[in-house]
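Two complexes come next, and they have one chain in common, chain A, joined by chain B in the first and chain C in the second.
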Partner chain A sequence: MTASGSILGHAVLRREDPKILEGGARYFDDLPIDRMLHVVFVRSTIAHAEVTSVDTSEAVGMPGVVGVYAGDDLELEPIQGFVMLPPVFARPPFAKDRVRFVGDIVAAVVAETRAQAVDAAELVIVDYEPLPVVVDAEAALADGAELLFPEHGSNLAIEFDFGEDPTVLDGAEVVIKQTMVNQRVAAVPMEPNGIIAMSDGEGGLVCHVPTQNPHGLLQPIAAATGLDEDQIRVVAPAVGGGFGAKAGMYVEFAVAAKAALVLGRPVKWTETRSENMVAMTQGRAQVQHVEMGLKRDGTIVGVRVKIYADGGAYPTIGAFLPFLTRTMSQGVYAIPKVEFTSWSAATNTTPLAAYRGAGRPEATAFLERIIDIAADELGIDPVQIRKQNFIPPEAFPITTVTGANYDVGEYAKAIDEACRVAGYAELRAEQAARRERGDVLQLGIGVSAYVEVTAGGLFQEYGAIEVHDDGSVSATVGTSAHGQGHETAFAMIVQELLGIPMERVTVVQSDTALVPRGLGTMGSRSLQIGGSALYKASEGVLAKARQLAAHLLEANADDIVLTDDGRLGVAGVPSSALSWGELAVAAKSGDGVPAEIGESLPPGMEPALAYALDFNQGEATFPFGAHIAVVEIDTETGNVELLRHVAVDDCGRILNPMLVAGQQHGGIAQGVAQALWEGFAYDDDGNPLTANLMDYAMPSAAELPSFEASNTETPTPLNPLGAKGIGESGTIGSTPAVQNAVIDGLSHLGVRHLDMPLGSQRVWQAIRDARTSA
Partner chain B sequence: MKVGVTVNGTAQEHDVEPRTLLVHYLREDCGLTGTKVGCDTSSCGACTVLVDGESVKSCTMLAVQADGATATTIEGLANGEAMHPVQQAFHEHHGLQCGYCTAGMVMAAVSLLEETPDPSERDVRIGIEGNLCRCTGYHNIVESVLAAAEQMRTQPR
Partner chain C sequence: MFPSRFDYVAATSVDEAIAAKGDGGDETRILAGGQSLLPMMKIRLANPSKLVDINGIPGLDVLERVNGHLRVGALVRHADMVASDLTFGAVESAAPWISDPLVRNRGTVCGSVSHCDPEGDWNSVLLATGADVVARGPSGERVIPIGDFVVDLFTNALNEDEMVTEIRIPVPSGRSGGAYLKLERKVGDYATVAVAAHLELGGGGVITKAGLALTSVAPHNLKVTDAEAALVGEMPSEALFAEAGELAAAASSPRDDVRGTAEWKRQVVRTFARRALATAAASAG
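On to the complex of A and B.
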């Protein structure tokens, strides 16, 4: 790689943009497909009930209706959400004897138009015999709790018990205890879910799905429909955001796929937003009982954590995510002992799965909250107590007490930079002045330091480079972008290595017919794993091209260089260089090769100027950073305004700073939203209270400030790009910073902890309670 | 019912069900799928278009209410090959990621800048509060709109 003229590190504008900006990008719902049918689902309105009858007779006769299905009509197998969980929790696409949450599917109506399907679905009559409801994970595990799956004998989905350690707090001079609720939130990608399933004309299926992981749908759709995986093609067209919630299988996909096979016509499911708010998997939902032991000087001696996690009605990967919470429960600190136990429970709520951060934000949240309480109690500045406990840079690489292999870290560098950008000392002075004056508008300053795990468990990815006769390139990769800008980023990598302008690089992704395998885009893995796969594949093609050029030019391969004009020639002899197109033609083997190029392939070389591999990083990377939030609290109304948010996120070497900043901004906003506004709520009967965008408090531009996002760059040695993930860091760092800021702004009144979301009513109540008890 | 709307300069006439929303008319009858549907409570603004020059959430209007009107969608915003300054600014300032909110966001911004050619950051944030985005945190959207305002003031088309 040449340093001069390198494209890496530049804010290259996105090639994805023009099509989107002119309205030409096609999302699944935009695809023009003939003879389309539409499926609409009849969903349970009761959180827990026996289904005593489903009467579809009236719906069947409605105009345009071609099929009404319930029970075993489509012969669909239950869908196992996550392999580590007991099979009893597998979700039947149609709930039969029992519904387990509001949104569970009882029947489906397929009609010529969506309006006809909606009309007919209204006429499906379902009789329910209500059962007692459990909406709280801890209550679900108590003796005598109503069971969702009586045959399982309890509501316990999975337990992570690494053993009690009675010594975990030994040596502590103070022990800080706090129970915290990391509330349930909804993913809310702006594009709801859906699918178009259609015959491929040969007994198989083509499915257009807004998914983060097309290859990941092959097995579950095959299992549900009885087809073989190689009879199914999954294409992710333009996808309107995912945030983890579009990473997996949905039972709705199975219904649409099977209906398309049965009816012999394309079937489309377009999820409404109100449907999305109960049907799409949600995130977080942990109750955390935390104890931290410290010396009086602020040195941490140990942490004990007990977590009750909500798995929802058909526990899936969300029930597993406390495992990642445990992995990260030492955080950025040199904590000698951690005791961690978690229990994930089935409840009568929407199932939980990955949501931006997926188990790691929950770890950072409890650590950063408990250390702030400790700082307050010990009279130590929040920045100081963090810095004195950081794992020092010289300790890396390090295996933590929870078994995480941290690659690199310079935690003080990030927090020092955040303090510098924020003007931390000045902010504290301003806060003191406002307190002194007794201002109505009080200032809160919140700090968080985090480390997270990216590409965790998903170390391998397919990448292939092929140079074509015209000198253009196909770069094929198993990740699947849904807004991140991979076409731009990956084309930059190819240009960097091959000297071929990125305009001539076609990135091939998101189609199982064109990409042989892939693990999709999730876990902040795509640049470091998929990008590195293309990096290594480019290196492979370059090596082959040099051998070929050496053969054709009768030179030594070691003497072949990439010229400034993007050709391959003998060093110092520019006139003899060959273009990529000429080499591609020559590489096609003897037949049809222009005579002037001469004998084409050297002995033993495979035809085609192409190289494919599976890159395997072998380990995860551990990006880190520090955030500082500044809030203004109206002590008369409880209103909180986020004035500033400073983020210093270290994702290693930065390939495109514009894309990185975009990921930081979006992550920050989602994290701030959890701290201040968002929470998916149920009443005691399991009725969702926030199941549309009127009731669910997703923020608009008016609620947020511009962000002060910057970076330190500590490259990882684990991949050739030096890159770590950035997709989830903003969410992980921002939530505790903002929560801490609000509590910091009230700490002089005696407020020690408040759970999120910190809406004005909760804050006002806390101020009132504090003043009453003072 | 017969509905006639001039969409992006082209006269359209279709027979629609009375309950058809303008957004569904544009997407399904006119085939203009650049306008998106992101919710069912008129909260998200993904379906924002211009009707007789003013921004409208096209899910809040029946197609029959637009009879005789002029509508502009994202597909009709560019001037031939040249993108509208708001589109261009969204490109140059990374004002979009997944792109699903983008059509509505751009149309809302166009309308905002018609009314407020020299907006403050606060004006922009309040002006687009009817449009939700999950990817960008609005940071670069606000930058884009401010940059477009500057561009349109200094170099009117």
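On to the complex of A and C.
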């Protein structure tokens, strides 16, 4: 790629991949660190109990054991899950008087080897006095419910009540009511959680953590250990996926960090998969009571939503996410009135937090489901009823009745394109023919249209560009990639603006010692905010380079151009051009400047060919799209096979279509997984029923068809790249499309709604019930 | 994640393996592919005091047709069965359904058979085809019909000082066909329900031999003798196979679990038995 043609918009191969594919990437567990100790946790096997005693005496004497900790042994402060929640819900790293979920930590064993720690941990004896258990958010808020924190007086973590509106359904000729369960799912990143915490030799700590947000861990680790934030360095090495569950603090980090300080040696925690399935935060888990009022012609007049959200034991940001559900509860439709109330509750389950979409998929799910029920009841085609209610393109920018400021939107364009790619009319004809013949294998066609919010609340990011003496570039940014391909994307931006080949661009990220500040990678923010920061910083460096070149070449800065071979020179006088390396040397304020280049900096110019800034977008962006899923249902067994999945996702201007497609495909797979297979379940005693990958039905590529993912491009005016987020769109659009497809395939039998996951048994039961009642 | 402490013996002959196994009593386990045993040890559900590794014993990887049988040695991997052109009918049909490619590369047929997990696939195939298990102990070899070998949940008919050296699956000489139908939630999952069917046809197409066995719906892989008896002597037909499906459903005793209800699983048995028999008959030509 030369400097003359734009690299943006090209499917540039991910430069991260060779290292990852050849085993060269270093994950935290791979780091060769001397004198390492290993911590293993003793976790509660009971969902809710008083802890009557913890006997560590036998474990202490086991070979290799250097420390066994419980209760107040490490003097760790409780960790507040989220700023808006009751402080009493903060989680002590070691559960003391009471355990509140299966997986709660009672003790920790530190030993010379991990195997020794495992053997010793088995000998820690904990006595429990079981308490009644609450596993359901709605039940947790009922009168007389068992309380997780009796001193708080209720299990309510947070309520969002925007007031009743008795007129919300006024004018409706039809009111559709449905209760839906948006079930709990586990994040299951390929790499589980963990940390290496070690002394920096000066009383502080260096922590290697597989996190999405290294800077975000400084404050909570400081608060837990009693150190100052500037005594802590957090490094995220190669990270194997996060999906939101690696965005925050974990109590395990606090234990490892404090143990490393106390013992004076590096301490590593490597989470096992079984541990991960109960200890890592999970997602979704809402029960939604939805009413939609419509005219008989399909026009929506209003929506009323009441949501019970599960916060899990020690509620964290998951309890807040219904707020985002509310923000997006008008969706792509011109709905005049929305009434929304939500209650988030503490329960005896694994805590809930962000998971790919984080509150927004739950909004799209209920809207897309209820409008499908309405379409079925009113005899209107699902595509038609959506199109007639879409917010029209000319209405943008628009503030919705829930207060969201949508930037741009062309919703009909996306759904029309999805219909064209899918062959929607032909699919409906095929479906009708199968129904007519009474085939064993019936066809279901599901549609969804969505809008979501990306970079919500996290509008600002640090970006810096520095050109070095050899003409190479450092691009430093506060986002922190964990699989997305930022090294590739950000290097492309630098090449585009500076004409320096991306091979010569080093992306610096994920280390609090090298990056002064950052908000990490989450909420589909990184390209639009972090990428724009580097875009603006590149512009800043280019402007400085032009001034410097003008000074050195005794020309006017306005006449300095980037030449085809990537140098800066006077327009029309290519022989006089200076390379980036020459300019970088010259920018050193005279120190070591070769005589032939001339005098050093122009008056008033700061030394170093560098530019840093904090880019602030000021607002979120609102990507949108439409998905169509086609399923085949075996009516004798209930087995569902996803035959096709068509996705048209609009993330604004596309920088690298391969990276975008990667996000779409991965997102769709996770969204389909929720619709058809995944669901984290508990029995009434709070025992997890799906705490390993044998029982938890996470699909692989083998269960999925090759997705038909494409894009429309409606650039946002809010950032210089015109980019909106794409990380979560696939998940948001696909889940309701697939759920709708299965129910559509059964609608001729009288099936109106089914909750997810739509496994064979649930589908067969619905068929049988429909036939029995018919 | 880490097994409890155990001793390890790498045997170089069957005699050595048998001696080592006999020494350790019921706390000693044979290690072949290890695809069931090692995960159970890692979560400390199994805590054997000694493992006798048979992977270094020459000759146990035999896979051949001889004397009207398919011989499958104790070190034949599932992947070998997928790749082999010696398999037939239900055996050929089942092989690619065993777990996932990683497990198939290491796991062995004989290991799976010996494990007697009612959710394992091979024992249904062996019950349907009427296979034998060959075991060796200090006093020599004995041939155990699969129906006698499978005793109960995780329980086989081996003595403590015996190990399985091979299985022998009879190769039909005339018209025959078979099928293995498996409902699984995802690749690598155990069967929610699976059915093995085997049919041999005589002159005029009448069924002369029938095998039907079920996976994951009873405390052990279940041979449906009622259905087999009802099939023999009859001409293949949809109605006959539907009747066999009813008998299979009635014989099964599935349980409610995270994969679904017993009632639904019985419906899948009914449907899959009918379909597997129809496929077996069609493939018998």
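We adopt the following convention: the second predicted complex is superposed on the first by the 770 of 774 C-alpha atoms of A that agree within 3 Å, B and C clash if a C-alpha of one lies under 4 Å from a C-alpha of the other, contacts with A are read in each partner's own complex, and residues count from 1 in each chain.
Quick note on the criterion: a residue touches a chain if its C-beta (ideal position, glycine included) is under 8 Å from a C-beta of that chain, and two chains touch if they have at least 3 such contacts.
Just so you know, these numbers come straight off a predicted model, no measurement behind them.
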item	value
Superposed model, chain A: greater residue contact from chain B or chain C	B
Partner chain in contact with A:240 - chain B first, chain C second, else both or neither	first
Which superposed partner A:700 touches (first chain B, second chain C, both, neither)	both
Touching partner for A:115 - first (chain B), second (chain C), both, neither	both
Partner chain in contact with A:681 - chain B first, chain C second, else both or neither	second
Which of chain B and chain C A:759 touches, first, second, both or neither	second
Which of chain B and chain C A:379 touches, first, second, both or neither	neither
First, second, both or neither for A:482, with chain B first and chain C second	first
Contacts of A:22 with chain B and chain C, given as first, second, both or neither	first
Chain B versus chain C as contact partner of A:272, first or second or both or neither	both
Footprint overlap on chain A, comparing chain B with chain C	115, 272, 274, 694, 698, 700, 702
Residue numbers on chain B that touch chain A, as the complex places them	17, 19, 27, 31-41, 43-44, 46, 73-75, 77-78, 83, 87, 90-92, 94, 96-103, 106, 121, 124-126, 128-143
Residue numbers on chain C that touch chain A, as the complex places them	1-2, 4, 43-44, 100, 183, 185-190, 192, 258-261, 264-265, 267-268, 271-272
Chain B-touching residues of chain A, taken from the complex the two chains share	13-14, 16-18, 20-27, 29-30, 32, 115, 188-192, 238-241, 243, 272-274, 482-485, 658-659, 661-662, 665-670, 692-694, 698, 700-702, 704, 706-707, 709, 730
Residues of chain A that touch chain C when the two form their complex	114-115, 118-119, 122, 272, 274, 636-639, 677, 681, 689-690, 694-695, 697-700, 702-703, 759-761, 764-765
